[in-house]
Structure formats: C-alpha cells, structure tokens
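All remarks here apply to the structure that follows.
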Amino acid sequence: MDSTILTFLIFWPLITAGVLTLVRSDRHDAIRIYALVATLLEFVASLYLLFAFETGAGYQFVARWVWSDALGVSYQVGIDGISLFLVLLTTFLTVISVWASFAGIKERVKGYFIAFLVLEAGMVGTFCATDLFLFYVFWELMLLPMYFLIGIWGGVNRIYATIKFVLYTITGSLFMLVAIIYTANVVHQHTGVWTFDLMVWSQFDIPAAQQLWLFLAFALAFAIKVPLFPFHTWLPDAHVQAPTAGSIILAGVLLKMGTYGFLRFAIPLFPAAFLDALPYLVVLSVIGIIYGALVAMVQKDIKSLVAYSSVSHLGFVMLGMCALNTIGFTGSLLQQLNHGLSTGALFLLVGIIYERRHTRLIADYGGLFKVVPVYGVFFMITMLSSVGLPGTNGFVGEFLILLGAFRSQTIAAVFGTAGIVLAAGYMLWMFQRVFFGKVTNPENDRVTDMTLRERAVMVPLIVMIFVIGLYPKPFLERMEPALQRVLSRVEQVRIVREQALTPTLFVGPAAVPVTNEPEEDIRP
Amino acid sequence: MDFAVFWIAAGVAGAAAINLIFQSKPINSVLSLVVVLFALAVLYLQLSAEFIAALQIIIYAGAIMVLFLFVVMLLNLNQDQFGSNRKPGLRSFGVLIGGTLIIEISLIARAFVSSSPTDGQVVAAEFGSVAQVGRLLFGEYLLPFELTSILLLIAVAGALVLAGKREEAQPPEERS
Amino acid sequence: MLNTIWLIPVFPLIGFMINGLFGRRLTRYGSGVLGCLTVFASFILSLLAMLFLGEGPHRFTLAEWIVAGRFTVSFGFLLDHLSAVMAVTVSGVAFLIHVYSTGYMAQDERFSRYFAYLNLFVFFMLVLVLADNFLLLYMGWEGVGLCSYLLIGFWFQKDSAANAGKKAFIVNRIGDFGFALGIMLIFWKFGSVYFPEVFAAAPEMFVPGDTLVTAICLLLFLGATGKSAQIPLYVWLPDAMEGPTPVSALIHAATMVTAGVYMVARCSVLFALSPTALLVVAIIGAATALFAATMATVQNDIKRVLAYSTISQLGYMFLACGVAAFSAAIFHLMTHAFFKALLFLGAGSVIHALHHEQDLRHMGGLRKYLPATFLTFGVATLAISGFPGLAGFVSKDEILWSSFASPLGGVAFWVVGVLTAGLTAFYMFRLFFLAFYGKSRFSEETATKVHESPMSMTGPLVILGILSFVGGWIGWPKVLGGGNSFEHYLAPVFAAAEELLPHGVNHAHSTEFLLMGLSVGIALLGFIWAYRWYLRGSTAPENLKNKFPAVYRLVQNKYYIDEFYHLVIVRPIVGGSRWLWKYFDELVIDGSVNGLAAFVRQLGQAGAQPQNGYFRGYAATFALGSVAVLAWLIYVLS
Amino acid sequence: MIPLSHYLLVSAVLFGLGTVGVLISRNLITILMSVELMLNAANLALISFARWHADPGAHVFVFIIFVVAAAEAAVGLSLVIAIFRRKNTVDVDELNILKG
C-alpha cells in the first residue's frame, strides 16, 4: 500500500481521463459528476497520506522502477514534509475547482474535464517525483492542460495570455533542463554513474564554481513560476483570461511549483550558490511584496487585482525562504498552503459573481453587500484571510515569515511588514468599491445570492482558513523536520564559509541560551 | 577540319540554346532543343563516342523530345497566355547568374586543363563503340544497368498516376 | 475556578456565532437577548475572577497555537489585577451598551448582524485584555480593529461610513506595523513572547536607557498611537463617528481605543527601562490632549465633539503613562469608560429622539423633552470637566498631580494638562448648553415627535450616571483623606516597573492642594466662559470668528491634517502605483517581453520572405548558392 | 586535336544557358527543357573527360543519365499535365502553394 499510493495518486487521474474519452461528449451532466467523483476519490485516497505520514522520517511512500539503466533515469516517487501538504492541497483544490466549474463551463465539457484530470496528474507527479528527469517530465506535462484550459475556455484575450504564459514558463524550464543535464553530467564525471536520483544528487557536493550557473538556471525556471518580480507579468494576463477553475489551480497550485522547486531542488542542490544569490533574492522578494501590493491597489479588474496580490504574497513566501531559519522556512511553506486556499477562494468568489454579471471590473459593481449578503460574508472572510488577520491562516504564515526574516534580513522584514499595511489598503478599497455604497447599477440588483452548490464549495475553504489560523500545529510539526534537513544543508556550507563575525544587533551578554536547534544559534 | 566542325557544331548548339530560352512559344523551344541535341551528337562523334551519339539522336531527339512536343501540342500552349510578370527583376538576375556561372565553370575547367599533363590521348578505334560500351554495361555495370529498368518502371507508374484520367471526382482545389 | 477565565471571552464568541450564522432565524428579541446575556455572563465571570484572584497573577493555557522552530505561542490567558480591572470594565460597559443597543437599533433591519458584530468585538476585546502573550494580544488587537471596521461601516450604503471604516482599519494597520515589528524584536531578544517571561527577563537584560529597549518601546507605542488615536494616527477616530452611536460609545470611547493605554501599562516594565520612550509617550500624550481639545471647541457635530474629547482624554492617559503613573492611567481609563460611554449614549439618545439629527446648531432646549437624558448627561459633563468629587475629577487630578510630581514629569506637562482641563470644561459645557438649554432650534414638526428614549436606553444611562458619580471614589486620593485603594490594588502589577524608576522627592500636601485648586479653578473658568458665550447668547464667539477667520477656519477644518495626509501620503501612493502599473509593469517589463516577441516575429517574417511559394525564387536562390560555392571553390583552388 | 578546354567551355556555356532558362522562363515546359539542356551540358563534359582519360566507363554514366532524363521528362511532363488540369495554366508564378 505504502509504496503504491503515490503511483496510484499520479495515475488515477490519467486513467479516469482515459476512460472519460470514451464517454459521449454531449452527456454533460454525467461527465461533470464523473469528474467530480474521480477527483473526490483521488482526494480521499490522498488523505491516507496524512494519516500514514510519519512525522520526522525522510521520504516516505517511496516507489522506484528503473526506466533506463543506461541513462540512469528512473520512475521514483516519494514525499516528505515539504510535499505532503502540497499534494493534499492539489487534490483538495482540484475537487473544489471541478465542482466550481459545474455551472461556468458549458462548451466542450468533456475536453475541459479531461484537461483537468491530466493537469491533476501532472501536479501530483511534480510534487512526488524524486528523480529530476521524472520531475521535468511532470513539470512539462502540467503545462499542456493549463495551456488548453486558458486557450480554449479562457476570456476574450486568451490567446495572448496563454502564449505569454507558455513562453515564459518554457523559457525558464528549458534553462532548467539544460541545468539538469549538466548536473547529471557533473555527477557522472565525479561518481562514474549516470543518475538523476535526487537522493544521490543531494549527497553530492557540486563544485562551487559550477553551482552558481546551475542555480541560476534552476532559479530562473522557478522564479518565473513563483512569480518573482520582475518575471511576473504573465500572471495577471493568465489569471484574467483563465476560466475560474483555471485561476484557482493556477494560483493555488501552479505558483507553488516555483517555491516548491526552490525548497526541493534549487536550495539543497546548490546551497553555496543560494547563499551567493541570497541578497538579490531578498531584494527581489521585497520589491515583489511592495510592488505587487502597490500595483494591485490601482487595478480596475478584480481578477488582476487578486493576481497582483499573489505576486505580493509569493514575495512573502520567498522572503521566508531567504530568512534561512526554521521559523522563516516553516512560515514560508505554510504560507504556500495559505495562499493556495485563500487566493483560490478569492478567485472562486470572483468567478461566482462573474457568472452572474459577466464583468470583473470593480467599477461595474457597488453595494453588493445588500443584494448578496451571504456572498459578501464569504468574500469578507476570504479577504481577511488574504490580508492576514490574526485567527485566519494568512496571519500565521505571514507572521512566521516576517519573524524569521526579522532575524536574518531585518530591513527586508521591515519592508515586508509595510507590505501587510498595503495589503489591507488594496483589499479593503476593492471590497468597499464592490460591496459598499449604494447599488448604482440596476443590473446589480438582480444578482442572486450563492446557490447551495456554491456555498458547499466555499465552506471547506473557509473551514481550512480557520483551522490553519487557529491550530496550525499539526501542519507545522509535519513540515518542520523536512525543512530542517534543507536548512542544515545550507547551514553546513555557511558555517564553513563564514568564519567572520556576524550580526551584532541581537548579540548581547544576556542572549537567550541555545535551545535544541543548533542552526539557529546566536553566534558570538 | 576538326576545328571547323567543332566550331560549327558548338556555335549551332549555343545559338539554338539561346533561342530555346528566349522563345516565348514552347513549340519553338522544343525544336531548338532538338537542334542542340543534334549539334551535341556531332560533338560526341568527334569525341569518338559513337554509341552515345547514336543514342542521343535516337532516344533523346527521337523519343524524349517527341514527348515534349506531344505535351506542348496537347496543352495547346502556343500562345503566350501568361499574365504580367510578377518578378521582373528575375529576368536580368537570371542572366547575370547564368553568366557568372559560365565564367566560373570555365575558370574551373581551365584550372583542370592547365593541371593536366598532356593534351589529349590516342585511343583505340574500338573506343566508344557499341561493342565496348555494351560489354561494360552487361559486365562491370550490370547492376546499375538493371536498376535503371526499375527507375523507368517507377517513372512509368508515376507518369500514369499523375497524368492518367481520374475516375473518382477529386474536389477541385481552386486557389484563385 | 480561575481556570475558567478562558470562558470569559468565549461566551461572546458563542453569541457571535449563533447570531452570525442563525441570526436571521432568531427574532429581534432573540438576537438581542442572546447578545446581552452572553456579555452579561462574561461580566459575571470577570467579577467572580476578580474576587477569586487574591494576590497573585494566574495563568491558564488553553491550547497551543503556533509552534515553529523555537517560536511557540499558545492561547494562554493571564489574570492579574490589571487584566481583572480591564475585563470587568470592558464586559460591564459592554453589557450596558448591549442593553442600550436593543433600544437604539430596534428599527434596524440588520439587527442580528449588529449584535453579532458587537459580540465579536467583546470577544476580541476580552482576548486582548486577558492574553498572556504578545501575539494573542495582537490577535485581539487586530480583531477589535476588524470589528471597529465592520461597525463603523455598519451602514455601508453611506459612502462616508464605508470610507470611515476603511480609513480606521488602514490607519490602525499602520500602527500595527510598528506593533508587529516590536513583537518580533521582543521575540528575538527574549526568545519568548509571553508577558511573564519577557517582563521577568527584561530588567536583567537591559540597563535603563538601552537603545534596543527604546526601539521596542517606541515600536509598541506606534501601535498604541494607532489604536488609541494619538498624534499622528488619530485621524481615523473622528470619522469613525459614522458608525451607530452605541458603537461609538463602546468601541470608540470606552474600550477599544483604550487598548493602547492598556498595552503600554502592560509593558510598564519595558517602558520603565527606557526614559526616552516614556518621554516620547508623555509628549505625544500631552500634545494630543491639548491639540484635540482645541479642535473639539469648534465642532458642530455632537458626536465629533465627543470624538475629539475622547482623543484628548486618551492623551491624558498617555501623559500619565509617560510620567510612569500607570495606575493613574488605568484609573482614568476606567472612569473615562464610564462617563464617556455615558456621554455617547446620551448623545445617542438625543440623536435617536431627533431622528438622526447630529448638528448642535439644530438642537437646543432639549432639557424639557429628555429629562432623564439631560440629567445623566449633566452628570457626565460634570465628571469629564473635573467637578470635584465626581469620577473624572479624581482620576484627572491624579494624572495632573503625577505629571507635576513625578520625577519624569514637569511643570510643562502640568500646564498643558491644566490648559486642556480648562478647554475640556469649555467645550463640554458648550455642547451641553447648546443641546439642552436655550431655545429649540429644530422645526415645530420635529418638536412634536421628540420623545424620551425607552427604558432599555435610559436604564444604562442611569447606571452609568451613578458610576460616573461614584466610580472615582475607589481611588480617592490620600490628600483628601482617601486611601487610593485603586492604586494599591494595581500596585503588584506595576511593582516591577516602579523599582526601575527613580523615586521622586516627596512634595508637600500643600502643593498638591494648591495645584488641585488651580486646576479646578481653571476648569471653572472654562465653565464660566462657556456659560457666558453659549447660554447667555453672547455674540463673542461670532465676533471672534470674524476677527480671526483664518484661525477659525484652520481649527474648524481640523488643521487640515486629513488633507495633508491625503496630499502627502495617499495621493503619491495611489498615483505612484498607477504610474508603476502603467509605465513600469506594462511599458517596461511587458514592453520588453512583448518587444522581444515582436523582434523574433519580425526576424521570422524577414526569414520567411524568400519562401513566398514562387518556384523561380527558390531556383534563383539555389543558383545563387551554387554560384557562391563555385566562387569559393575558385578562391580556394587559386 | 581539339583541346579538352574547348569542350568544357561549350559545356559550361550550355549549362549556364540552361540555368538562365530555368530562372527566367515562366513556362513549366520550357523550364523542363532547360533542365534537359543542363543535363546535356553535363553529358558533354562527361564524354570529353572520357575521351581525355581514354576511359569508356563514363559512356555508361551518360547512358544512365539518358535513362534518368527520360524518366524525368516522363514524370515532369505528367506533372505539367496534372497541374494544367487543376490550374489551367503552366505559369510557375501562378503556382505558389509551396509558400511556407
């Protein structure tokens, strides 16, 4: 069971998608129910991971079949604390998105759900793969259905958006492919074996001279996906044009591929280069936080506002990574989940109103709170989670990130905290313009409140927002050991490298005694 | 004597070739080409390639050119029915290219010749006779010779497929 | 028994959940009773907790909240004398205002939603005062901000209300920015965010005057200026008056805005370690007190006068904190909660009676229409003006005395305080006279409809009136023969801070009497001034207005601070963002990306040019190629 | 004895003229004939070299070229007929469906 569960999770959507091709394409309802059941089963199966997961143990549920001995390519999957919740987030959000697209997708229904199932397989595979080659296969596999989702079921300007999205992503991933092959070659030269096995690679110290370029190639691919400023301009276009469920998945899961890539590959494989690039990454993340928030403030389209807010939030995630301590790292990983949930929920809500009014312009709304109070409450809770109100998930993540960053990147943390102020600004302003005031447009008076299905889709998201906000411990404690391992790898390099004295601000005679985490010592 | 024959033949060939390419009526071009072929056959004889000269007259001028003539007649392309020239520059460009090519090839030919030690060789009377070439064809070059039959077979099949009458109505793909 | 303290905030939370989720199915009556009862339960529990508390602080941890690396924080509650006082005050006043609201909001169609928000507010406020760590306090802190946002914008269809709510939230967030940074600094310095641990470690870790502790204190204080509406972040409070009046009473007068004072008092140990920070607190407090009082003198909106008065009184409290008279600050906080809540509720009663008329110029002569309101309002006015014997007198006098006598104080602070006291008396009596005395300035038609409020509203008024009268007696100063038992009660909480502070010289009782007399005298002056100008119908205010039009306009327009902020902060940010979006994002980044794409396309088009499908073109290219190859061959051969 | 270079010169001239014909002619049939001309130029070169080297092997090649030329003419002319049937023209400038 344990060794097949991941394989099942990866291939189940593919198999169901294959079966779906046999269904007659005009039986829309049957197709919808079928897709929902399929993804629901996938989600239920993925819950097994949560219960069987052993906190603290390394990779689990590992399975390995050799693909090609000569090339050293193998099918090798496994998850640890980093990918566990991302896999769960994927299966969870897929169910939500499939259910959310029941009403919105009326044409080419079959193709849509097939694309979604394939997408799910690609996403789960990307998070589970522990062989770089396999990872790359899934990474690209994921791109195709998304390309179709935006390009076929998207908005007016979808072709531009989808081509931009694909070109950006491909550009990054080709660099990564070159770097993967190069690294395999380096490993081959030093060990005499051809392998793409992540375990082997992480044991191996790549010569520092080559690390920088390899890191940059990986980082480019991931930075585009994150998206880190200034590689973010594909995001607003893609989001605005994508269908609702596409946006949910795009924001909820696809952006996490980038940050996940950093945590899983770029940082542990090239720790020295990461340390070199650290100051630049910090600056870019901080610019992303502030810049995303500022630009979000002046958006006219709700979806692109949320898209720019994603740039800001993902800036936080990156900043947490750059904090290089357990607090920042766990905050960063938790914030990935949070962003998936709350931004996913925001896109879902925007989609709900879009289906009724067919506009996303803020100016077309106003006074909705009176017309659709239930929708308003859902929107408000989600918005508050997005601005990081204590008690919601957003707060836990952002606070941990900033707390972690404050230790090592004090100035960046100060700017990041200012980003939270701005977050309140753009979100509240948008909320006010959409929901408050009088109903100026008579069309808005006819908007109906959320249906039972829509409420049922939203409730799990809201519940998760509060669960993580109030009791994040079960999440954090499962993440921590895996993150510690990544961290210790960077720390080894740093300790070797850093003989000189570091920060003085926190070092005093009465500094706190060292606890059980040596990597966070306050060094003399 | 030799030189006179050579120059006459070469001159006829050149003039006929020029006529070939600048004639606007295909029928005249075909006839010019026949003239070129005959003139070349004279040169072949001079180079003691009797068999080839005969083949040139019989097959080339006799068979292949008739084919051309037949098509020209069939399509009734005697009038110049073409529209305006879309690439007017190409005419002078083509002449320029052709001229350059002639000069270049001549230069190379000269380079070859100047590097050759002797000026011509005495050959046996048998050289280029039907018997000699026939021996080569059925001896040393048997396999290529047999392969040519396959080539011809394929060409016949291709010509039949391409030019043969279509039984099933093909959708006329009119591209204005 | 004391382990049940976590239930104190939980009751209103339950009320919130039931009202919020099933509010529409409850009747108005059900919602109201539920809202009141849950808060009443908290009040009773708080009282019991106070009784059972005895000597020492009590901690109770409900559950762990966040655990990451070395950072742990839990849902832990701390009950000591300070939080007990706060919890009782908050839940008590909140209960009265809930009762009042059942009458005031009776006609509102979103009645149950209103009570849900109010309950949620009480929940967060009680979390704030009972938290045993900075982060939980922060949660309450942001939570009350959220409720404030929701309740200010309760009538969201009015644009002004929606704007005010947003402004309140964002300005508070600016303060929270400092607060959050302060918490982070505390964590990395102390390795903990729990009050007892931090405060126990602080005196050993820092020598007084350490830069770092000053930084921590100033960051925390930035948070306090946001929440408690001090310079420079006070601008949201006057606008917050857009909310329903009971909300103004509860949140924007009695409880939430005092959270900053509570927080500074809670961190007294840290502040005691930093004389600089204390000085800043005192200066900001004094300046705000005077500044806001001047603005209150010319406002015509009854609630805005009270709003500026609140800012001014909060300034007093910070002045007290700044001179390390923490118990005096808390004392004033409590009495202020009574009389300011009363003032707002009284104003609400007036507004209710006049059908949402808030302009003082359209009031007058209400004495005979609203006797109960008139009486209770009068008590509150006397109390805030510092009429000897009433609650306000006692607490204000203690602050004034501390500001003079404390080693951290000085004559200047005292002078500002007394001046403010005079202004307070002036503007409060101005309001009182304009509203209740003189001729009615509203229409005949309105006059027939004016009626005294129902029992549910006058009841709380009476209770608060009594409290405004006698509430101060628990802190009756020694010099007037009292025992100042309030200060003694709080002493254990501030003991640690007291130890760190320099001890002042003992002043003679005569000095204290003299100063007390002076302050009462100046307040009296303010009263007489108001009496002559507004009751006797003098033309002096008009004359003054005409004589110094510029000054009047300046004060009337709140010194143009809002406009200044708008011009200096809001406009550049919005404009700059628009510029960033249009020029940087779309032009520079997208431009270069699309430019690259266009370049590649053009390159491709140029390359595709010869591939135009014309056979002769291909042939020509081919021929040209052979010519070139031959040329190269000739070049090589020769 | 006529020098080799003379023959080669004739061959070059004929080849160049063939090229010119391919380039400037718009009639498919004339183009095909120009190609024949170029083949013949090549044949002449082969025959002259054969005589020069006294090697009759080249005659075999020329023979094979005849076969190829015949095949080419057959297929090429069939194409011309096919094209003419479709387009009713043999003007190469009208035939631009090769456009990439």
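Letters A, B, C and D mark the chains as written, and numbering starts fresh at 1 in each.
In the analysis below, a contact is a pair of C-beta atoms (placed from the backbone, for glycine too) under 8 Å apart; a residue touches a chain by one contact, two chains touch by 3 or more.
All values reported here derive from a predicted model rather than from experimental measurement.
When each chain is reduced to the mean of its CA atoms, the one lying nearest the mean of all protein CA atoms is A. Put simply, the chain farthest from chain B by mean CA position is C. Between the Cα centres of chain B and chain C there is a gap of 102 Å.
Between chain C and chain D the centroid-to-centroid distance comes to 97 Å (mean Cα coordinates, whole Å). Note: centroid distance chain A to chain D, computed from Cα atoms, is 66 Å.
Inter-chain centre distance (chain B to chain D, centres taken as mean C-alpha positions): 5 Å. Chain C has residues 614, 616, 620, 623 in contact with two or more other chains.
Looking at chain D, one finds that residues 19, 22-23, 26, 93, 97 touch two or more other chains. Chain pairs that touch one another: A-C, B-C, B-D, C-D.
Per the touch definition, chain C reaches chain A in the complex via residues 63-71, 135, 138-139, 141-143, 146, 149, 153, 156-159, 161-163, 165-166, 169-170, 173-174, 176-177, 180-181, 184-185, 187-191, 201, 204-205, 212, 573-574, 576-578, 580-581, 585, 589-590, 593, 597. Chain A contributes residues 164, 167-168, 230, 232-233, 291, 294-295, 297-299, 325-327, 330-331, 367, 369-370, 384, 389-391, 395-396, 399-400, 402-404, 406-407, 413-414, 417-418, 420-421, 424-425, 428-429, 432, 435-438, 470-473, 476-477, 480, 505-506, 508, 510, 512, 515, 517, 520 to its touches with chain C in the complex. By the touch rule above, chain C contacts chain D in their complex via residues 608, 611-616, 618-620, 623. For chain D in complex with chain B, the residues that touch the partner chain are 1-27, 29-30, 32-34, 36-37, 40, 43-44, 47-48, 50-54, 56-57, 59-60, 62-64, 66-75, 77-82, 84, 86, 89-91, 93-94, 97. Chain contact summary for the complex, chain C toward chain B: residues 614, 616-617, 620, 623-624, 626-627, 630-631, 633-634, 637-638.
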